């Protein structure tokens, strides 16, 4: 019996020690200030843009950090376990709104906040329905790519092309959703989609080689793992004389020929404005449908098009924003 | 930070503690660095998400996860013992294979939510007992914030007692002997390889159950759930054994469990109090502090009141 | 009892360092023999034990134990009928487990290792009594981890554990070599007592010529993978340490060192 007593007392002591250490950092909440908690899945250019856009969106609506809102920011370093911890931290602090950037952290924040009915606004999620982020006090913006426009663009620039190659990571929910969309719509434009899945970045260079001869061009998604290997992809495709179409401005700048894409900063701004509505009490999160980005941008890299010998049509020239070196 | 954060850390820590029990078997008892963990942890989650989405019982999903984990560990053992592949490599092979297996189990999706479905943490029984939302009235509503912790601690205690009982059985002795001195197992006319396979199978059952609880707690399975879990488990085992392993009245299994909670507490503290760019550095420093302080504290406190000879 | 037939064993096969140890080596252990095996380093004593126990395999030839061909059986199959004590006292016991747990393990040899309790408290006194016969005070250390015992105590335990369940043959692999002279005397006396009391067949490799002469009923000297001397019964009783030492030196002279 003494043994059990020893264990119990030790566990209690340990728990108290940990709790004490944690509670020591407790801060009092100012009633004048609204609190917004921002959780981001990991350090990543697009996600950072999204977060900055969100803060900018709030600012445009009159919510400025330090003035009338307090922003708590945490980052999960791409670990789902950390997402849980962050979500718990947020909910424990009882903020007025939680903003979650990318799917895993949005899911955990939503689940943790569900019982307390803290509104969650997500962004940079491609398929909110697939992630079941539709019920309760939750809304936000989807970064679903304008697939139809992208297919139109490819047809315009490459009238003879038949097969489009797409690389993606099996572990990315967003890519899976986008590829299904591609496959669904490709037929309408006379394309066939050839996909190759990888499980980590090191496999990308092998994967692109394996379908190089089969396809006429590539279309790149916003798949984080694949985008991380864009340089090697561009080199290999360039050697084979095959263009890669991009889906975000940074990709076109790097050397993708062109792309119908979204601006993550703009997406963030759009999200920030939605959040402002909720903070002002104009609408509840449950009353706002999630939105997709309203405005697409067509980015073109002229130098790349020239080197690959692809003519830019008038229709493209009219809308395009040119990036990269001339 | 407040009590809820602490409870959150305890919840996750207790879930990791189940995994730590498994890693304790392979790493501490069998001296086998088992990388299968990074695959068998999400295996539990995948099986659970698939079963719950098919309308299955969440408790049955845990049992199924345990069976799946047993099988994964068994295969790692067979690869190591029968095909004579080195320990680290057998784990890597199994972990790699399990990535695809998990992918297939959840229907070739990168994630599979169980949101809105019953889990062991939230079902008609717990809803009646604790209430559904923070504002509800229910018999045990005062314990509402603790409902996950209560559930996971019950699981943890049951699993710990089972493991302790097993380790005291003849078969458990054989497992201990195998890690301690394989020569003795051979001279006992027992096939040491089979004992190793058994140990790996049991260990991965624990890991998978932990993965199942993790998935039900997070309400979503992600294909990447397994990344780094071996490291978390190892850290828990090492922290636990180093600090509490030497104290007479604390069983190694208890020490390992506390280790998992301390690990999670360190990460929580680092996440909550420090900016993202130095989070990992802070975590590392915290571990170091815990380990060093552990040596000092335990050295000066006298926990052992009895001599070993008359322990009954 | 044990028979080695036409054993061939090469080491580093296929390399420049290839050495042939056994070339058609034959050896027979009769039931009830207590054989002492001596020989210089590299003469093949320990390799012979390892081939008998299956720790290493022979290139060709047969190993027959108790009338059964065990050539292709793994070591743990052979240990069903064989007990073994090693030179290193740590090898015969589990250091992280206590004396009682070690005794219980050994006691269960040949039975099923199931889910029943690993320690049978009813047998505590029986184990105590058994350990008491060693005269090393182990009976009062039932709950002490074996790792903290002295080398002599551990070796005595190994010995006791290896004969706890009925076996047909006891293999002693230089089991006193790592102990101090006084302790090795004690261990040798215990060994002799156990072998005699239980009527065991024993095969003992030793470097101590005096033990080889003093104990056992048969003495074998090995050299370069051959038995160059094999005396039993009366012949063996007439041997003395000095004569043995002389033969030993003769071999060394032949070797040129």
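Every chain is named by a letter (A, B and C) in the order it is written, and numbering of its residues begins at 1.
By our rule, contacts are C-beta pairs under 8 Å (C-beta built on N, C-alpha and C of every residue); 3 or more make two chains touch, one makes a residue touch a chain.
None of the values given here were measured: they were computed from a predicted structure.
Here the chain-to-chain distance from chain A to chain C, counted in touching steps, is 2.
Just to note, of B-C and A-B, the chains joined by more C-beta pairs in contact are A-B. Closest to the protein's overall CA centre, chain by chain, comes B.
With centres defined as mean CA coordinates, chain C is found 69 Å away from chain A.
As a whole-number value, the distance joining the C-alpha centres of chain B and chain C reads 43 Å. In this assembly, the C-alpha centroid of chain A lies 31 Å from the C-alpha centroid of chain B.
On the side of chain A, the complex with chain B involves touching residues 2-3, 6-7, 10-11, 14-15, 18-19, 21-23, 25-26, 40, 43, 73-86, 88-89, 91-93, 103-104, 107-108, 110-112, 115-117, 130-132, 135, 169-173, 175-176, 199. Only residues 166, 168-174, 176-177, 180-181, 183-192, 308-311 of chain B touch chain C when the two sit together in their complex. Contact residues of chain B toward chain A in the complex are 1-12, 16, 99, 103, 108-111, 113, 115-116, 132-134, 214, 217-220, 222-225, 227-228, 232, 244, 247, 249-251, 254, 258, 261-262, 264-265, 267-269, 271-273, 276-277, 279-280, 303, 305-306. Across the complex, chain C meets chain B through its residues 74-77, 79-80, 83-84, 86, 90-98, 101, 104-106, 108-110, 112-119, 140-145, 162.
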